[in-house]
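Residue numbering begins at 1 within each chain, and the chains themselves are lettered A, B, C and D in the order written.
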Amino acid sequence: MNFASDNTAPMHPRVLEALARANDGAAMPYGNDPLAQAVEKKIAGIFERDCAVFLVSTGTAANALAIAACCPPWGAVYCHPEAHVDDDECGAPEFYTGGAKLVGVEGPHGKIAAKDLDAALDEAGKGVVHHVQPAVLSLTNATEAGTVYAPAETAALAAVARRHGLKVHVDGARFANALVGLGCTPAEASWKAGVDILSFGGTKNGCMAAEAIVVFDRMLAETLAFRRKRAGHLFSKMRFLAAQMDAYLEDGLWLDLARNANAAARRLAEGLSALPGASVVHPVEANEVFVDLPEPAIAATEKAGYRSYRWLGPGTQRLRLVSAWSSRMEDVEGFIRVARSGLA
Amino acid sequence: MNFASDNTAPMHPRVLEALARANDGAAMPYGNDPLAQAVEKKIAGIFERDCAVFLVSTGTAANALAIAACCPPWGAVYCHPEAHVDDDECGAPEFYTGGAKLVGVEGPHGKIAAKDLDAALDEAGKGVVHHVQPAVLSLTNATEAGTVYAPAETAALAAVARRHGLKVHVDGARFANALVGLGCTPAEASWKAGVDILSFGGTKNGCMAAEAIVVFDRMLAETLAFRRKRAGHLFSKMRFLAAQMDAYLEDGLWLDLARNANAAARRLAEGLSALPGASVVHPVEANEVFVDLPEPAIAATEKAGYRSYRWLGPGTQRLRLVSAWSSRMEDVEGFIRVARSGLA
Amino acid sequence: MNFASDNTAPMHPRVLEALARANDGAAMPYGNDPLAQAVEKKIAGIFERDCAVFLVSTGTAANALAIAACCPPWGAVYCHPEAHVDDDECGAPEFYTGGAKLVGVEGPHGKIAAKDLDAALDEAGKGVVHHVQPAVLSLTNATEAGTVYAPAETAALAAVARRHGLKVHVDGARFANALVGLGCTPAEASWKAGVDILSFGGTKNGCMAAEAIVVFDRMLAETLAFRRKRAGHLFSKMRFLAAQMDAYLEDGLWLDLARNANAAARRLAEGLSALPGASVVHPVEANEVFVDLPEPAIAATEKAGYRSYRWLGPGTQRLRLVSAWSSRMEDVEGFIRVARSGLA
Amino acid sequence: MNFASDNTAPMHPRVLEALARANDGAAMPYGNDPLAQAVEKKIAGIFERDCAVFLVSTGTAANALAIAACCPPWGAVYCHPEAHVDDDECGAPEFYTGGAKLVGVEGPHGKIAAKDLDAALDEAGKGVVHHVQPAVLSLTNATEAGTVYAPAETAALAAVARRHGLKVHVDGARFANALVGLGCTPAEASWKAGVDILSFGGTKNGCMAAEAIVVFDRMLAETLAFRRKRAGHLFSKMRFLAAQMDAYLEDGLWLDLARNANAAARRLAEGLSALPGASVVHPVEANEVFVDLPEPAIAATEKAGYRSYRWLGPGTQRLRLVSAWSSRMEDVEGFIRVARSGLA
């Protein structure tokens, strides 16, 4: 009954089983065990190409390390103003880059339009010593608004970025949800669309604490091993990061879990939008629903013990509902029913 | 049969069980769950006083965050030249502090003597703008040489540090091993001896990946919540860090595990020192043995599948043997027997 | 005939004479000479109170050091989006702070309104670990738009800042021009209005390369001596920075020079605004004029050898004209005359 | 009568005259004036090859920027433990690199031996993620001990550095004194001997505040323009840095000035070493003399108003005497005479 965040979900039982399985005797530390090495290959297989993989335990670490690998201290990172990297990581990209600047490019529904990026880069003062230098485009897919970038949209943005000399990063904390929403392959949503480096999330979608930095541009990987260690993100008992990711990816578990989450969000949106006075704010393309609801509807759900997030602050009527791999359809229906009852 | 590092050990079954227990439905993220809050209280209880606690997943993160909380960018951190923070963390303290300098104070058996620290601080140029400013004393207990600082030794060093205006940090990646070796309480080896902030290790001694920064000087805690988040070390599913630490500390498990490791090291030292041509390099006071052995003894163990670490490089005859919570006495005896057989 | 920037002006002859006078035999380095110490007292006298003074050679250094003294690495600096610190210093504040974030607060004519600052700070997430923490308000006076903050305006903004726990910095690269424009005292425009730390400019207004960081909140001064040295901004032959500032301040030279610059700007604005099709963009309150002019007027001035700055890029018709201490009224009249002739 | 430091000297009259000459009307800022561009060519001419030149105002800035251009945040800078960059810059290299580590290589008379560097690099753990990575060799020439590296010595060290993948930096705050002491050309002491980047000092030897970063490896120059601006070391009125350097280099003034300083040091060493109980500590090869003297000799000079530096602290009998371009032979003889009289 918790729709406050997909971070509130437990890990999937198969992930826990994998931890237990990996907990068998001694193993070489720091990624020198067979499982860690196998997971890198498994990820390469899923992305249908050679790539470098760096496992870490949080999305903020994955994003900050990935961006730092692409961006000098005097670089500028172009992103949506609501991007997690700009708004919710307490300045992690600035810390890891040594003081880069995040530059917001506005756009509806949490998305940047290629022409707006192009215009922003045209007036960025490239090569002029007084200005920070455009270095990275960071997209979030699925976005903080619960929408997705289709491969063609990513490709158009990446083409602009590349023309201006930027690298392309995707914050894929909810990459599985994006893929399921789009119905495309991991490759189509990443390197085939021009993405150089990806934060590939596992934590929100069924892992305990596991993310992978997937590097398609091998040049960008050179510094990452040192950056990760220096940041304290190289696990000694790496097998336990690897085990999570291994189970997560096995037999398409990760996509099955995202399918459940997305279906729950879709049903929430459908059910809530039918209520009098309700208005869904952004297209529901992944596992988040932003919806304006009359106060009695909200109050009823809160009273019944459902958790959600009043997005614009206490007392406001815009809810963010996030579904997870573990969301049960009975809770979804229950939320809708109770909200409706509040309006009666 | 792996004595290469205590990092090669698995997690203790009770830690794994705790993960499974914590994996029950939704929980508020980022430390706002009951278990995370209970663990902070449990640690305070073990240390017999109020303290602030910050859970992280690696020892490097704990050390670098703790040091950064005490040290300005132009600060100097005094430590033994073999200290992990200086030698094995790829510059993590430098990164987290924004460019502080680590200053080595030599001493036998991995330990700093109070008078040597005093002499070093006397000539440090305090208040002189051309020099980095002494800010932190970082001790490792148990040390990288497998020795320990007795409470009186820590207190003497801390008194010197305090007189010169430094804060005192202890890298306690093997704090349990030190306590068992010393036969003293956590409080006696830390704040009662003048320690301001402690990296309290769990990973090497039975956890999967869990360390606690324990802050006795509350003033030093003010920045740590922001530093941890900004570094990507705040887990969203914090309950799983908390669960590890909770099980680790329950019913004195942590000390039992360290007792096993220390006993194994003691027996290794005893058995090996009896071999002709063998020489134990440092007093064996925790769970590490440094021993010079004739090549045939080493070769025999390696051939038999025992793993250890040729400390001075390939082909050299100084071994580091690290025992762990999981070391079995039969492997200890086996190592000694095989080494002896190599000399026959 | 150069109105491109006040940076193009030479130093005032009395500043040069002061350099020659100071060039007399040996002097103790790093600010331990009598002149350096006298200048600190002279500045305190001008500001009518005790303050700490740090001389540096560039405005970027003064700003970045001053901001870093007030702002942790996870801090946020609130400023106008057109502020020099955000837009023209290649990320110097980010570098010096170790990765702080500059947050723009929009407002017409280069100025922030107190209510807009208040609203921005209300939604900044103070105390929430996911967000950078508001730490500094940085105002520019005179602004990049050539306008000024009256003492009451500064005081209103500072009151908001203080209520939210921020320190107040003023970038006074053109502080003399602001004072002359306002007709108020240095004290009234700074600490009496709630300013904690000021970048007090000399370079643009008659010095060679000399700025002073003036610190009214003594607590903020503690780290600055180390920060300045560590950044390479402590001159060994400090007497030559001091000599410039000493001559600049002697007998009110600095205000006389600013009066000349401001008068030239006022006359430019007056003369140009009378031209058909001309439109002055911002109130002309210091030594900058932003004016939209018909292309033939601009072209005529460029052809005649006058330098100005096409503010919105090559081929656009918005000019920025900056007058300086050295601007001659005959060039001002000449510019107006030629512009008018271009329209004939 | 001041032998405390060459920093106490004034600027040479021809440097002052050049400032006056450059103070003529408007000039484009930030290095876009003709003089700045001419100086770059002049320096290239002196070094007999194409190179990139970045003028700054302090030696600390030159060193820190040059090192940062060669060194990642996780890099290690190898230098003598007494090197200015390690000991007297308050951590500037650490700040500018984002947290690199300075690693001392001991050697007599302030110099590193090639075999000791080689040994240190052999055990540095290159490629191992736990250790900072060797990135730069920083030599000081002339050294802090007043000795010099001959071109063959520099070449031998640079060959070791290059074999291990390091860049070679020279801190040439007293480069002119080194050249005069060696009797070699600028090229022979720098790029012909394998130096990649040089801090070319002017301040101590007759300038007011002017140093040049001379970059022989063009790849290293790419980031320096941004680094310099971002650090606040790009002068707006750059012509005044250029004018100093231009006069300094014109007609071999710089070498003439160094000749005077070196001759004064030689004579000081000769005269003082003849005193009973006196002992010169390091070979006097540039403009510094380290000499152990009986207390009465020292006391006599201090009483007579001569300034020198008790190197090992107040009350100790090791003096550092630094001669400058402006040292007069009568003061040199006076110092010797008074010291001798103290022993009578």
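To be clear about the criterion, a residue touches a chain if its C-beta (ideal position, glycine included) is under 8 Å from a C-beta of that chain, and two chains touch if they have at least 3 such contacts.
Bear in mind the structure is a predicted one, so any value in this text is a computation, not a measurement.
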Identity of the chain that, by mean CA position, is farthest from chain C: B
Type of chain B:chain C copy interface by residue overlap (half), same or different: same
Geometric centre distance via CA averages, chain D-chain B, whole Å: 42
Intercentroid distance (Cα basis), chain D paired with chain A, Å: 51
Inter-centroid spacing, chain B versus chain A (mean Cα positions, whole Å): 34
Of all residues in chain B, the ones touching two or more other chains: 30, 73-74, 89-91, 95, 98, 129-130, 226, 229-230, 234
Contact set on chain A toward chain C in their complex: 73-74, 87-91, 94-95, 97-102, 123, 129-132, 313
List of chain C residues in touch with chain B within their complex: 30, 72-74, 98, 129-130, 133, 223, 225-230, 234
Chain B-touching residues of chain A, taken from the complex the two chains share: 1-2, 4-5, 7-11, 13, 16, 19-20, 22-30, 56-65, 89-92, 95, 203-204, 208-209, 226, 229-237, 240, 307, 326
